[in-house]
Amino acid sequence: MKRKLSLLLALMMMVTLFAGCNKALQNPDENMNNNNDNKEQGQTSDGKDTNQYLNVYLSAEPSVLDVARFVGVVDRNMFFNVLEPLTRIENGEVVGAGAESWDISDDGLTYTFHLRENYWTDGQKVTAQDYITALQRQCDPNNAFPHVSDYNTIENFVAISSGEADVSTLGASAPDENTLVLKLNAPNVALLSSTDFFPDRADIAEKYGDTLGTEASNMMCCGPYTLESWTHNSQLVLTKNDKYWDADSFDIQKVTMLIIPDSNAQLASLENGSLDYLGVSTPEYVEKFQARDDMDEMMLSSARTSMVIFNCEDSVFSNEKVRQAFSLALDRDALAEVITNGTATPAYSLVPPDCQVGNLNFRENVEEPLTALAKEVDDPKALLIEGMQELGLGDDPSKLTVKFAWGATTAQARTYSELYQQLWQEALGCTVELEFNDSATHQSNVNAGNFQMASMSWGANYEPQFQLSRWSTEAGGQSRWKNAEYVSLVTEASQTSDEQKRLELYGQAEELLIKEAAIAPVYFMASRRFYYSYVNGLNANTFDTTSFKGVYTSGR
Amino acid sequence: MNENAVNSIQEQALDPKDFQIQGADTASAELFARKPVTYWRDAWRRFFENKLAVVALCLLIVITLCTIFVPIFSSHSISAHDLLNRKQWPSAQHWFGTDDLGRDLFVRVWAGGRVSIIIGVLGAAIVAVVGCIYGGIAAYFGGKVDMLMMRIVEILSSVPNLLVVIMMSVVLESSSIPTLLFAMTVTGWCPIARLVRSQMLQISRSEYVMAARLMGVSPLKIVVRHMIPNTFSVIIVAVTFRIPGLIFGEAFLSNVGLGVQPPNTSWGALSSAAQSSLLYYPYMMFFPALLIALTMLSFTLMGDGLRDALDPKLRR
Amino acid sequence: MAKFILKRILYMLVVLFCVITLTFFLVHSIPGDPITSMVQDLPIETRDLYLQKYGFDQPLIVQYVKFIQQLLTGDLGQSLRYPGRQVVDIVANYAPVSGIIGGIALAIGFAVGILLGIIAALNRNRWPDRLVMVLALLGTTIPTFVFAAVLQYVFTVTVPLFPTTGWGTWGHLVLPVACMCVGPLASYARYMRSSVLDITNQDFILTAEAKGVSSFRIVSRHIFRNSFLPCITMICTSIAGIFSGSFIIESIFAIPGLGKYFISAINDRDYSVVLGLNIIFTGTYILSILVCDILLAIIDPRIRIAEEN
Amino acid sequence: MDSLLTVKNLNVSFNTYAGEVKAVRGVSFDLGVKEALAMVGESGCGKTVTSKAVMRLLSRSGGIIKEGSRIEFMGQDILGLSTRELNRIRGSKMSMIFQDSMTSLNPTMTIGNQIMENIFTHEKTTRQKARERAIELLKLVEIPNPETRLKNYPHQLSGGMRQRVMIAIALALNPSLLIADEPTTALDVTIQAQLMDLLRSLKERFSMSVILVTHDLGVVADFADKVQVMYAGTIVERGTVDEIFDSPRHPYTWALLSSIPGRAQESKSKLYSLQGTPPDLLLPLQQCPFAPRCQYCMPICKKAIPKENFLTDTHGVACWLQHPMAPKVTPPAGIGGYDHE
């Protein structure tokens, strides 16, 4: 009897296992094996392929595709594919998208947008009220929208979000279906270039409630693409939205976005063609792909500055000279070469070269403050000793021990931090201890101020306003560097519409920040993108938000 | 007396003197070809008989000596980096090649060995001792006590290890070797406790354990003297298996910020650092992994040798 | 037997409750909170708003009571890192994926491991024994990510047989399963070998030989039955490990499994997901222990008889 | 009487760390049909190894049957057989029971299955027939209510009953030779007597020849036809049970007989116990192995190995006392004239 029992048990287990396999393999949405793109491939008259599709790399799983609760940069970039914001940035300039045109009042407080005729995928027209619904849901206190600060210039937006004011007092109104009027509480010249206004459907939000934007079927799209399927932590598939007003300037019919966390796996996918293009940094692979004739290369700046921030309330780093010594002691060329294998450019200032002030390029017109400081000071060690004497810590750097906190714990993070440690110890003769925490612990330590030196990186927006304002909060930003002059410079700049004047104000603010060494910029991050030569029209400037406009494949 | 018997004796020339009865000389009866041997000396000799186990022991001693002396005498230091010859293949100057920062891997591998061996060996020992005693007591008492102790083991082994480790790194602040060992073994002994308990359950019913209990021998003594030697093979296999687990565990911990702090390193940390450039610079991964394999091999062979030597049943 | 099972289920619930409480206080006491790990430059007011919404600003005990009440209604709550996703749905989507890879890998590893263990033990100190021991050694000391990286490069780039990453077809299954079955294979081979060696020294094997029983039958009927028992205790703990998946394999092959999800949930301080998944893992772990005890009682008469009287 | 089993010049040795232990050194004997041979001697004298050698069961414990040994059973050269042919004989033509019944039965198999396994190995029968045969066997070995016992497991039975099951297993196919390796040692005296009576009746009933290996002469006296006294791997004295009990010639046999309690009552003397311990089997044999412990030891005994000298065609003694030049020695009081029913 027992033998029959165990045989039956084994059989049953096998059947359930097999059934389980089938069900899980054909995941609920649809069978998404990547090779369904191999429909026959021909060429149209102007050399473009008839079957236009792309397989691209997505850095992480989007958290939630709901404008009122989205969290990270991945979600924001996805919105540009599936929704139609009021304005987009194309070839480095602000252009009309959802809004055909707009006019700003003289005092710069009222913006009136004239909407373009565009439709949601269910055929409903995109109206001004849709854009107002989005703003209303974003400042709704029980959505706890993480990016409230980006919209703080809109009248009563912050007050409503903290529950002090009623939603009706929001400075956004729709006189008629096609015009939207925004009122600001203070002039903000960088409003259109650094803030995104997406539309949202109140009825859809009502229907799906909390699960809005968590599945491909739980959302409504009106952008160039619609989200066809979403296998969490694996891949998203976008298909072209023919109802989109600018549909004919988009050639790509279908985009499959693969989420691949492991670097070796990403490079292997590019090498065997399952990815069409990818940012590559490992030197060996760079040589390998450069040697291939069916691949081309383009440099992409990430508009992100990697830096070391000092805690100005700390006993040692409250002294300016000590901070300057530590900032000047870093060999930025070595760090850029080792950490990013040469893709990054050493940074002697905060604002990356991509930033614009109106139509003026910031970096071209403002000299990097640190190079100036470096000329004045020839021996950082002497400067450090001076600072130590001012603090009454004696004059022997070897007795000084400081702690450098790093925000990652991977093996590579340890190797890079050891390089910083070596550079400081050799140049200044002091002892540097390293502390590793996972990013969550690191962030909370830095925000709470229990650190001496910490590695950090800040992304820039179109205008320097966003980066510079990190240190103009009353707490003095993460460096706790309270400088009234800096705060007034940054605030005044954000309100001067004249580009040249604004540029000079930003320049003076940056010089103050770098000279007093609240931070020590290290390098501007960049990446080297390799793409198969059959892919054309890939966009190179960082701030562009034009989705896959103008991209097409020929000769795949 | 039939004929064939007589003449067969006749052949040898015998003289009558040979036929005086002298009686049994009990002295020579005591002569033994084999000296009486105590259990431990016999086990010790039997262990050294097993050639493989001896080779393994020597290998282990060589490795340990290298980890102690190579970093001291080597010309390269474990932290001096030179950015000129980064990622060099093993060469006359750098026997094990250099890593991302141009540091000599030969020195770093042996320096890292110190941490890994201490953690691998000490960790496995702690886990084994605690696991055996805990499992033994649970099996010895049985009934309610056993049920309770097993439930505790289940609770401890269900709490996610990563959480415990991050907790350790925060609470203990320091990240020296003892804290590392504590973090890894705080719940590491549970699987061995379960294994030993189920194995000892049968033994606790045997006659000699009952006899010992009748004689009033203390439970701990019974567990250590009687039950553990008899489950030796299971324990040895389980312990030698823990060693690579612990060595890689340390690498995982250093990924969470608790492990060994730079510039010091360990085999686990070296192999995980080498992971990203594995396909292009396999030598970075090869030597630490090789040494972990050799350490594990020698412990396994020594374990087998010990088991055969100490297992009373196999005594010839 | 029924009383035995009922008592064990009661104990299971008690253990589950203790684990939940322990993990709750553990997760909430490590530094950092869900929101700071997500948004870099969070102004203080928004952070407080966020904590208020999810009730993290209240004392821990109040949060704990609320959590337990919520739990009793069977609601494991929502993820904080991925707002709107119910933990129950997360498990429903990802557990089968990890379960399949883990299950097949364990099955292969177990079956082949047991076979190799027997072969090695029967040819003690001859070349099969040496070979199996070397294989077992390699299996345990070479880290999984080495196997995964090499297999991935060889079988998806130089010889494009299988898709490099992703999930959905049988092809996606082959390489991850190959990497994951190396571990169990090595440990079961060694473990079975030592267990078979113990049994072959027993006297009843001699009786069987004296009965003229063929050597194949001695191995299958006498040696296997008795040496298989200790392996059952081992298999149940590995069964529990299947669903928690392997973080390394799932990241390298970009597989939407529970392993990666759990580790990133801890890093993101996504409390509800961590607690929810931990309850599922603990539940399966304890259940598998119960199943293995019952299985052991069925197969090993000595324990069954002892349990009955 | 044509001999059922003939063993010629059997040498068995074990390779151990200390060298080659020669457990059996040139033993030759033969066994007729329905004849009971008892092999007697202290533990370590090679009697068990000899019995296992006949069944070729030594491979597992590392015993090596040396060149030149010959074992013939029912006309077949046992040592020449392939394992497959050997397995056809083992369990059917000849079978064996062991000393410790506790560990000699598979703990996870029911008694019924272990008996039926023997039947199925040698005969093609239906499960039902085999089951009936098993019940019949259990009745044969006098185990109460066999039907329920069939489903029991070994650990549920007492020592005596387990030994009976062993016998049932051995007799499943009416073997013509049964080797019993110290069957009664692990049992208490009362059970011992019952078991020997059972063995005797089964021997008669199935006209089976039996090799009884024991160190207890009391058991031998009532059961065996022929007795072989072994010491340090050789046969020092052999003969019919009357010759050995009535007119033993070898000092070692005298020592064994005088340590039987039953006999000492007449002479009221303290029980005789032989001093010293058996020799180490590592040493090559250059002298009479018993010499160091023999009261009647002579210089010749230390110089040369005594040849076996046959007093009658069944009574052989390997001792220099038989030599004409040796002085006449009478056995100690009470030896010889031991009457047995």
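Brief remarks on what is shown
Per-chain numbering from 1; labels A, B, C and D assigned in written order.
Note that in this section a contact is a pair of C-beta atoms (placed from the backbone, for glycine too) under 8 Å apart; a residue touches a chain by one contact, two chains touch by 3 or more.
Since the model is a prediction, treat every value here as computed from it, not as a measurement.
Geometrically, the chain at the heart of the complex, using CA-atom means, is C.
Centroid analysis (C-alpha atoms only) places A farthest from chain D.
The count of contacting C-beta pairs peaks for the chain pair A-C.
If you average the CA atoms of chain A and of chain B, the two centres end up 51 Å from each other. Centroid to centroid, with C-alpha atoms defining each point, chain C and chain D lie 55 Å apart.
Put simply, the C-alpha centre of chain B and that of chain C have 25 angstrom between them.
Rounded to whole angstrom, the centroid-to-centroid distance between chain A and chain C, based on C-alpha atoms, equals 37 Å. Counting partner chains per residue, chain B has residues 166, 170, 272, 275, 278-279 touching two or more of them. Residues of chain A in contact with at least two other chains: 264, 438, 441. Taken pair by pair, the chains that touch are A-B, A-C, B-C, B-D, C-D. Within the complex, the chain D residues that touch chain C are 55, 57, 60, 83-84, 86-92, 95-96, 98, 100, 103-109, 117-118, 121-122, 153, 155-156, 166, 169-170.
Within the complex formed with chain C, the chain A residues making contact are 2, 5, 17, 20-21, 23-28, 31-34, 61, 63-64, 66, 69, 71-72, 141-142, 144-149, 158, 161-162, 210-214, 231-235, 258-262, 264-265, 268-269, 271-272, 274, 438-441, 443-445, 447, 458, 470, 473.
Every residue of chain B that touches chain C in the complex is listed here, in rising order: 147, 151, 154-155, 157-160, 162-164, 166-167, 170, 191, 194-195, 198-199, 201-202, 233-234, 236-237, 241, 244, 248, 271-272, 275, 278-279, 285, 289, 292-293, 296-297, 300, 307, 313-314. On chain C, the positions that touch chain B within their shared complex are 11, 14-15, 18-19, 22-23, 26-27, 29-31, 133, 137-138, 140-143, 145-146, 149-150, 153, 187, 190-191, 194, 197-198, 201, 230, 233-234, 237, 262-263, 266, 274, 278, 281-282, 285-286, 289, 302-303.
Interface residues of chain B, counted against chain A in their complex, comprise 79, 81, 83, 86, 99-101, 166, 170, 251, 254-257, 261-263, 269, 272-273, 275-280.
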